[in-house]
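Each of the next two complexes has subunit A plus one more chain, namely subunit B in the first and subunit C in the second.
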Partner chain A sequence: MSRLLRLAGRPAVWVSGAFLLVLGALPYSAGLFGALFPDLPRPLYSRASFLDLALSHAALVGIATLVVVGVGIGVGIFVTRPVGRDFAGPIDTLTAVGQTFPPTAVLALAVPAMGYGGAPTVMALIVYGLLPVVSATIAGLNAVPRAPMQAADGIGLSPGGRLLKVELPLAAPVILSGVRTSVVLNIGTATIGSTVGALTLGSPIIEGLSGSNPAYVIQGAVLVGLFAVAADLWLDELERALT
Partner chain B sequence: MSLTDGSAVAETPETAAIQRRTGGAGANPLLMLIVAGMAAALASLGFVSVGPNRIVSGKPLALWSAVEPAFAVGLAMLILMLGLAALLRSGAWRDRLVSVVAALLLLASVATAGHAASLVAEASGPIARTSLGAAFWIIAAGSAFAFADAMGRMAPHPLAQVVVAAAMGGALAALAVSGALSDLSLAREFANRREAYGAEVLRHLALVGGALAGALPIGALLGVVALRRQAWRKPLFAVLNLIQTIPSIAIFGLLIGPLSTLSAWLPGLRSLGVGGIGAAPAIIALTLYGLLPTARGTFAGLAATPPAVIEAARGMGLDERQILWRVSIPLALPILIASLRLVVVQLVGLAVVAALIGAGGLGAFIFQGLGQTATDLILLGALSAIALALAADLALRSLGAALTPGASS
Partner chain C sequence: MIVLDRLTKRFGTTLAVDNLSLTVPNGSICALVGASGCGKSTTLRLINRLSEPDGGHVLIDGTDAASLAPVALRRRIGYVIQSIGLFPHWSIARNIGTVPELLGWPAHRVAQRVDELLDLVGLDPARYRSRRPHELSGGQQQRVGVARALAADPDLLLMDEPFGALDPVTRDGLQGALLDIQARTRKTVVIVTHDIDEAIRLASLIAVLDGGRLIQQGSPHELLARPANAFVEAFVGGPRRGLRLLQVTPVGERTRYGMGAEGVPIDAGATLDVALERMVTGNIDRIPVLDRATGRSGALSLTDIVAPDGALR
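Now for the complex of A and B:
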């Protein structure tokens, strides 16, 4: 209970609350935006409900994150084991080079491969989101101090047991910071996903920009900004809980 | 990050690197995988795809049907040689062999695709479009990766890496200039926009340069403030982190309204019918994004000056200002250049999005291509943006190496 009370004072809770409040209030804000932009015939985005946009945006990022966490941590574990040592250098090169690629370029390159819509967006989010998770997992596992590793060997843990009970728990905060980077980046890239036909909170922004409708831009931008900041703060809470 | 045992932390990655260097004395399993992937791609996927015009997506054409047998066999031989090189015992001469064969394979696959396009143009006329197929991309990406990996194992000096990268770029440019590639759809898209292309590249650089002109001095100042005023440190970085968290297109969009009266109207490309508002909101948004990495790098770099060195400087009678400029900054230079590299690469990537608010740049080609479903125009923009980011990364890496005495890598 006291934990819940402490949580209520956290910015993560406020920002999520603000996001839900705006999400709930926007459908009733036609009057407000009509007053702010009297020249606009349609001051409120109506092609899809804001709830649908938010759910679709969250689903795209969520699916990508599930794959990214599973595959990314798996790859990180593999190259830090003796059997995967040969792959450590090349994977290092790949993540370093890959992270210099502009995310929007990766998103655009998914279109020739997969067409328009949600699928190329998820594909781009997975490819780009993997890089920070892989490099954070490698960094986290490589930074596990020698003493607990030797202690684990000393009490007779198998290599698998040592990984699960010693290495991964000690590396968890570093890995989670990589996941956080990945999620925040992907929320931003998914927003651009509207230009390749995905339904996201970026859709009102893109449509507002192309149709010179600043009200749409504001509606989408405020929602997606609050969404990204809330996700970032929650992952920050999780990171602190694990440290 | 828990740093309970400092020595072990410093030791582990190093031992891992040593093991990596000496451990795998046998064959190169990753390279074998890559070569197997290339062979499978050649056997099952199209090397190029041929469409009746630039919008309709083409049909895949296997390498064997796309070019004369001599070309196909030549390319297959190079892939085979790369596969054989993967079986050799590891060592400097294997890396040299792999890098040479991989570079040749990359150039040969590009030249072969160009040749295939010329054959299509002869047979089907100038409106038919030849795009690069899945097998081409797998071979090109695989050989580029094998090349980069072999170079990485040899660990040449960064300046040598620049020379090698310039040589590869020059060889590709020579192929393009010779006209060998001019029937490829990608080259046609470029040829149709030769003048706009140069202008958009310059505009992209101007957006990044304009943002750097703001972000570097302000960010450095904030970094110094964070160092000097401990109470400001946390809130300052919290605010800068908040800016980085908000998706770029949201910040771009929100800045349009307030700035529309200030910004100059640019007849930018109306890719998605985007009403262009111009460079001003783009440069301001990019500046805001550049603040966090600049401030963080400045702070980390200056905070890393050993206290004993500062004490010694103070003992010699230097004042705070002199200590900053003559001691801390020179010592922090490697970290400062490394964070400059992060800032520049990030801004080159974010400037792509600026095309959506009519600020132009290479993103204009991407979004125009997406709007027209013109695949090769998308490719032209995306590949150019990637090349620009890689070039900036490499240039600043070598600058950092040149300014860091005794460092290699």
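Now for the complex of A and C:
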């Protein structure tokens, strides 16, 4: 109970509350945006409901994050094991290239192969989100102090046991900070998925930009911003709980 | 029994262990002593295969350690590492109970064993079992490290400076506890120490290393009475060699049986330093001796403390 109360004072709770409030109130804000932008014939985005946009946006980022976490942590573990050590350099380069590659370019390349919609978007998010998780996993595992590692070996933990019981728990806060970076980055990046027909909170932004409708841009941007900040704060809470 | 047979370990151009042969009989305590960097920790790590030798063999009860699965081998060897290495994210109880848990002991037995060991190393179980390592002092952490090594009651114990961070009183208590355990359960122990008095007290066999080589091995008495060279003499004896020799010589060896003296008799199995202490504090130059095993009695006088034939022995 006292835990819940303490949580109620957290910024994460406030920002998520604000996000939900805005999401719930937007459908009734035609009057407000009409007053703000009197020249616009349709001041409120209406091609899809904001709730649908938010759910679809969250699903795309969620699916990408699951893959990114699985693959990213897996790769990070692999290159820090004796068998994978030789791959550390190439993998590092590869993930770095993945990040410098503009996500729009990934979309452009993925669409011919995967068609329009969510699939190429998820693809782009995976490529783009991998680097922070891979490098955080490597950094976290490499930073585990030597003494407990030696003790783990010395008292007879198997290599797998040592990884699961000692290394990963001790590296968890650093790994999680990488996941956090990746998620926040991808909540923003997912908006460009709307250029290839995915339903995201970027849809009003893209349409607003191409149709000179600043009201749409504001509606999309406020939701994306609150979503990203809320996710960031929640993952920060989780990170703190782990340390 | 642990047999090290011409063991060699190289790190780049450093010979950390150089053609080392040593036999530690079952139920005995062997102390490895020597200057920093002489290969003591490396030798321990070769025994439980944390490190693989570049030459030679480790035989454990006659079996080449190289033919045993490392993980299973280590679970039956208690190991106290030099840097303590408690798991920082686990409670003290879980730290100590790790190996029993790995060996599949039921939870209540693990919990009972943990409390038993906390008591043994002088930490109140109720107060310490659920703490995290960072909530303990360095010396307390070290004691938890010793408890962890003893947890599954292994026959073999490797201890790398296990009492280095302890105050003299606690250290004395734990040395006594180790001797008790060893006397009761006949463990085979290899202990690394920088404290020569600790080696003298605990070990029946002391091995002096220098630059990875075994310079001399023998009982504490042998090393003190007949050091192989100036290095050993300085290392094990130093300016206190004569006094340490008293610590390892039983009163019975110098007793004149049949003679009498006034006062409470000293046991023939006690060492000469205790007898000397009694004489100095009692302001007497002669004390009665009783050999409890045979019932014989006699006396020891101050001059008997000096070896009769003039040789150091």
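Everything that follows uses one rule, which is that the second predicted complex is superposed on the first by the 237 of 243 C-alpha atoms of A that agree within 3 Å, B and C clash if a C-alpha of one lies under 4 Å from a C-alpha of the other, contacts with A are read in each partner's own complex, and residues count from 1 in each chain.
One rule holds for everything that comes next: a residue touches a chain if its C-beta (ideal position, glycine included) is under 8 Å from a C-beta of that chain, and two chains touch if they have at least 3 such contacts.
What you are looking at is a predicted structure, and each value in this text was computed from that prediction instead of being measured.
Colleague: After superposition on the shared chain, which partner residues are touched by A:R146: those of subunit B (first), subunit C (second), both, or neither?
Modeller: Touch status of A:R146: both partners.
Colleague: Quick check for you: in the superposed arrangement, does A:S29 touch first (subunit B), second (subunit C), both or neither?
Modeller: Neither partner.
Colleague: What is the contact status of A:A221 with respect to subunit B (first) and subunit C (second): first, second, both, or neither?
Modeller: first
Colleague: Let me test your reading of the model: by the given contact rule, A:P169 touches which partner, first (subunit B), second (subunit C), both or neither?
Modeller: second
Colleague: Where does A:G154 make contact in the superposed view: on subunit B (first), on subunit C (second), on both, or on neither?
Modeller: second
Colleague: Kindly classify A:A105 by the partners it touches after superposition: subunit B alone (first), subunit C alone (second), both, or neither?
Modeller: Only subunit B is touched by A:A105; subunit C is not.
Colleague: Touch test for A:G202: subunit B only (first), subunit C only (second), both, or neither?
Modeller: It touches subunit B, and subunit C stays clear.
Colleague: Identify which of subunit B and subunit C touches the larger number of residues of subunit A.
Modeller: B
Colleague: Do subunit B and subunit C land on any of the same subunit A residues, and which?
Modeller: Touching subunit B and subunit C on subunit A: residues 145-147, 170.
Colleague: Across the complex, what residues on subunit A touch subunit B?
Modeller: Subunit A residues touching subunit B: 80, 85-90, 92-94, 97, 100-106, 108-109, 111-113, 116, 142-147, 170, 173-174, 184, 187-188, 191-192, 195-196, 202, 205-206, 208-212, 214, 217-218, 220-222, 224-225, 228-229, 232, 243.
Colleague: Report the residues of subunit C in contact with subunit A in the complex, numbered from low to high.
Modeller: 48, 50, 71-77, 79, 81, 83-89, 98-99, 102, 145, 148-149
Colleague: Provide the residue numbers of subunit B that touch subunit A in the complex, in ascending order.
Modeller: So the residues of subunit B in touch with subunit A come to 1-2, 4-5, 8-9, 11-13, 16, 19-20, 23-24, 28-30, 134, 145, 148-149, 152-153, 241-242, 244-251, 253-254, 256-257, 272-275, 345, 348-350, 352-353, 356-357, 363, 366-367, 369-370, 373, 375, 378-379, 381-383, 385-386, 389-390, 393.
Colleague: Under the touch definition given earlier, write down the residues of subunit A that touch subunit C in their complex.
Modeller: Checking each residue of subunit A against subunit C gives 145-158, 161, 165-166, 169-170.
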